[in-house]
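Since the structure comes first, as structure tokens, the remarks are kept for the end.
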Amino acid sequence: MRAGEGRKRGRALIVGRFQPFHLGHLELVRKAAAEYDGVVVAVGSAQESHTEQNPFTAGERVEMVTAALRGAGIEAFHVVPIEDVHRHAIWVSHVVSLCPRFDAVLANEPLTTRLFEEAGFKVVRTELWKRKEWSATEVRRRMASGEDWRTLVPESVAAVIGAIKGEERVRSLLQNDKQA
Amino acid sequence: MRAGEGRKRGRALIVGRFQPFHLGHLELVRKAAAEYDGVVVAVGSAQESHTEQNPFTAGERVEMVTAALRGAGIEAFHVVPIEDVHRHAIWVSHVVSLCPRFDAVLANEPLTTRLFEEAGFKVVRTELWKRKEWSATEVRRRMASGEDWRTLVPESVAAVIGAIKGEERVRSLLQNDKQA
Amino acid sequence: MRAGEGRKRGRALIVGRFQPFHLGHLELVRKAAAEYDGVVVAVGSAQESHTEQNPFTAGERVEMVTAALRGAGIEAFHVVPIEDVHRHAIWVSHVVSLCPRFDAVLANEPLTTRLFEEAGFKVVRTELWKRKEWSATEVRRRMASGEDWRTLVPESVAAVIGAIKGEERVRSLLQNDKQA
Amino acid sequence: MRAGEGRKRGRALIVGRFQPFHLGHLELVRKAAAEYDGVVVAVGSAQESHTEQNPFTAGERVEMVTAALRGAGIEAFHVVPIEDVHRHAIWVSHVVSLCPRFDAVLANEPLTTRLFEEAGFKVVRTELWKRKEWSATEVRRRMASGEDWRTLVPESVAAVIGAIKGEERVRSLLQNDKQA
Amino acid sequence: MRAGEGRKRGRALIVGRFQPFHLGHLELVRKAAAEYDGVVVAVGSAQESHTEQNPFTAGERVEMVTAALRGAGIEAFHVVPIEDVHRHAIWVSHVVSLCPRFDAVLANEPLTTRLFEEAGFKVVRTELWKRKEWSATEVRRRMASGEDWRTLVPESVAAVIGAIKGEERVRSLLQNDKQA
Amino acid sequence: MRAGEGRKRGRALIVGRFQPFHLGHLELVRKAAAEYDGVVVAVGSAQESHTEQNPFTAGERVEMVTAALRGAGIEAFHVVPIEDVHRHAIWVSHVVSLCPRFDAVLANEPLTTRLFEEAGFKVVRTELWKRKEWSATEVRRRMASGEDWRTLVPESVAAVIGAIKGEERVRSLLQNDKQA
């Protein structure tokens, strides 16, 4: 890929669904931004929205992630929505074709890790997501039950979710699952 | 959509293929950035690459656009690759689902204009692309014939094209068309 | 959409899978036909067939619905098969592009309701499907177990199912599920 | 398929794009309705709209065809939108899965004819479309140039086109083609 | 389809996922090769790979099946990868369009059986897969747990799996499922 | 990829549409079979059939190629249909996922060459197709005009084309193009 462009280690790729983007995600990106020249944040399952597991559209998530990174003073980043291809064997090519060049993949999910390694990429295991409440599932659970979820996400993400009436959407989608 | 969030006019959407992003595109975005709170640059036909008309991948184009806007000191922007859906009647929904919220569409192509207007969006005609050489077709023609194309694109775009050996790719793809 | 064309309320959209179309569905359409100028019946998940949950093809279901409505003396209707798009954020556009214009959506499923409301459509909650046996699941269960299902569907629907050997198909598909 | 259900010849399938449905199409369906128990009108290339060749959505065309047939007193018909599959070898199965059962195919285009014959269907050549002005291309040409097109289509079709501002759309799309 | 071309019964189709191809599969093909002029082995769910249920790519499975049949001295065969179409009503056409002509289908799964029979094909029930360990699930289970799986597959299949480090892949994918 | 497995150079990939497979193709494969341990023949544009340019289905072409190679005494080969993905940037991954492992690509078309080289594959330019009549276009032209085409293809290919009434199909499709 790209030869080193300075003293840091080139660009890092981070893949997630970010339903929604929370403080754990922010920590991960912050650490990557400190160690690499730039960070490419791939917003996965971009085609999904309006379900209990995936309430937010790709556009809404792109807006959240961008607002959060700017709010945290991170500058050298790209945010790219990535639709699923439902064929693992071509997924890495798909991601590569949609993202700016990157030099390393930060991941700890075994499938992601394996696919990038089989394709010859350098994969760095991440240690994060350690705190139990730093979980998108927990954020959505609190949204649904009326508990406080705002303390788990960056302020700018809470603002976007407020503007799009995201909490109301999560609740109405849960009704769906109960009824069906 | 979004109510006015200050004295400016919200966010503007600009759609293009950017094969590659040239100085005319930059002028258009610069003007939009001055008049709106933010600009969403949608990189269309994201699935296309390695053809004479569309030599660059979506990821390469996202990288070019981002580098050019940062190089020009523009800050409040999003760059989003958009694959074609080959169904005009759902294309606006597709764009909306992948992009951060926007309040106006800057466009002058009749089809784009019509589709957004039928969907109820505010469309503002753009005057740009006035200079004949500010054309992606002209840039690609010069790349193919060995003439100077670097003066037609932002410096940072020329740097990306250099790093990905884009000029060489354009030439080898032209061979293809001649031979076939 | 359409301005009022007389004393009634324009056209109503009803979405369902109709696996198969039963007396509860017919009641819903009958009521809508009395209150609106016309009814658009969208036959959803049109790509599905030959499974336990979705035994009948879209064409077979279009035939059932049409026969039932004609048999009930309803005249101003359209029956349109709609394939799933697996992207909720563009689903309303997809339906709109395939159906004649409509002025209201009759629905009570929260996801359908929410998607049409987010898109700015008037949604009217339906009260129907009250009787337990007015359920497509119950019809299929009886087909599978050899109990009487014919009393749960319009006569013309029973005739179509007979002509396509639908009961036999439902049974052979259940074998599949038991074996697998 | 279906055994004879009376003295006529079962149901006939007619496939077209109907951009828009004109008097020639109506004559064809009228003749079929007289000779068969029912007619299935398949509205092809359902995914196309908003182009010079295909200005109208599938939903708009379904509405036109239905209005025209009802206006002509034809009763036993189905109108079904069919998206292209871009694989000729499975196209007949695709049509069969979306349409009510049919016993004969009325066609004179060699590809349609051949595909249905290879699949074992009875194909009856049609003699229609004899008059030069009974052509959707001519209708669209007149719409674009401001000449009288209303005399070439059923009155109810002209009414639908008026209600959806179809003439204006055709003209704005032509601008597009001139400019590009 | 094809008329008899000699004293045998034409070509037989066998459909499976072959994740991986084991001795039970080989017995089935061997028996078919003895009774028919040729065997078409369709490698289904070709788009799947890198999951616990479907660890191997279509290409890897094509290589395994071919190696096994050649190793067993079988000569008149074709091996064809078939992607799922997710529409049962067109699946038979899809298979037919991708495979050399065949005269009979060897199957015992009710859905496969039903779809081919509805399409007018001759289906012959198979008796095989009798031994409990002749199961791809069992082979994958042993790979995951470190037990001996090589005795359940043809030698040439074990060689391919070794060359592509298949056992290691199966194990790393299982980690995935445990963690998620 | 694969380390050398003997004194030859591993497996070679050859990609073509083979509409139909002619003597020039056979020479190319024969030469490759002499120099490599095995040959993978990828039958491209597998989704195409029943057009003037692409009259034969993938299955028919797989049958032709296999018959021709067996007829020529070639043994170590695989024939794999490959559907187009309409995204050049992922095409190599797509081919790799469907084919047995290969060590070199024999090609002279610039796009194919470039895509495999960008992906890091060894590409060997081929010199063949030198004789003017060794062209699938010429074979189809002769089929259409009633001239002798059988001398341009292997005997076994002519037999397959005869059995599927391919010449008749080519002619009827040409009628289509003339009429439209």
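So that you can tell them apart, the chains are marked A, B, C, D, E and F in the order they are listed, and the count of residues begins at 1 in each.
What we mean here is this: a residue touches a chain if its C-beta (ideal position, glycine included) is under 8 Å from a C-beta of that chain, and two chains touch if they have at least 3 such contacts.
Quick caveat: nothing in here was measured; it's all calculated off a predicted structure.
Colleague: On the document's contact criterion, could you list the chains that touch chain B and likewise touch chain C?
Modeller: A, D
Colleague: Which pair wins on C-beta contacts, D-E or C-E?
Modeller: C-E is joined by more C-beta pairs in contact.
Colleague: Between chain C and chain F, what distance separates the C-alpha centroids? Give it in angstrom.
Modeller: The computed centroid separation for chain C versus chain F comes out at 47 Å.
Colleague: Could you work out how far the Cα centre of chain B sits from that of chain D, in whole Å?
Modeller: 38
Colleague: Indicate the residues of chain F shared as contacts by at least two other chains.
Modeller: Chain F, residues with two or more chain partners: 49, 57, 87, 89, 96-97.
Colleague: Between the chains shown, work out who touches whom and classify the graph as line, ring, star, complete or other.
Modeller: Shape of the chain contacts: other, as it matches none of the listed patterns.
Colleague: Strictly by the criterion at the top, what is the full list of touching chain pairs?
Modeller: A-B, A-C, A-E, A-F, B-C, B-D, B-F, C-D, C-E, D-E, D-F, E-F
Colleague: In the complex of these two chains, what residues of chain D are touching chain C?
Modeller: For this pair, the touching residues of chain D are 2, 46, 49, 57-60, 62-63, 66, 78-81, 83, 96-101, 163-164.
Colleague: Which residues of chain B touch chain C once you look at their complex with the stated criterion?
Modeller: 87, 89-90, 92-94, 96-97
Colleague: Within the complex, which stretch of chain F touches chain B?
Modeller: Those residues of chain F that touch chain B are 86-89, 109-111, 113-115.
Colleague: Per the contact definition, I'd like the list of chain F residues that touch chain D in the complex.
Modeller: Residues of chain F touching chain D: 47-51, 57, 169, 172-173, 175-176, 179-180.
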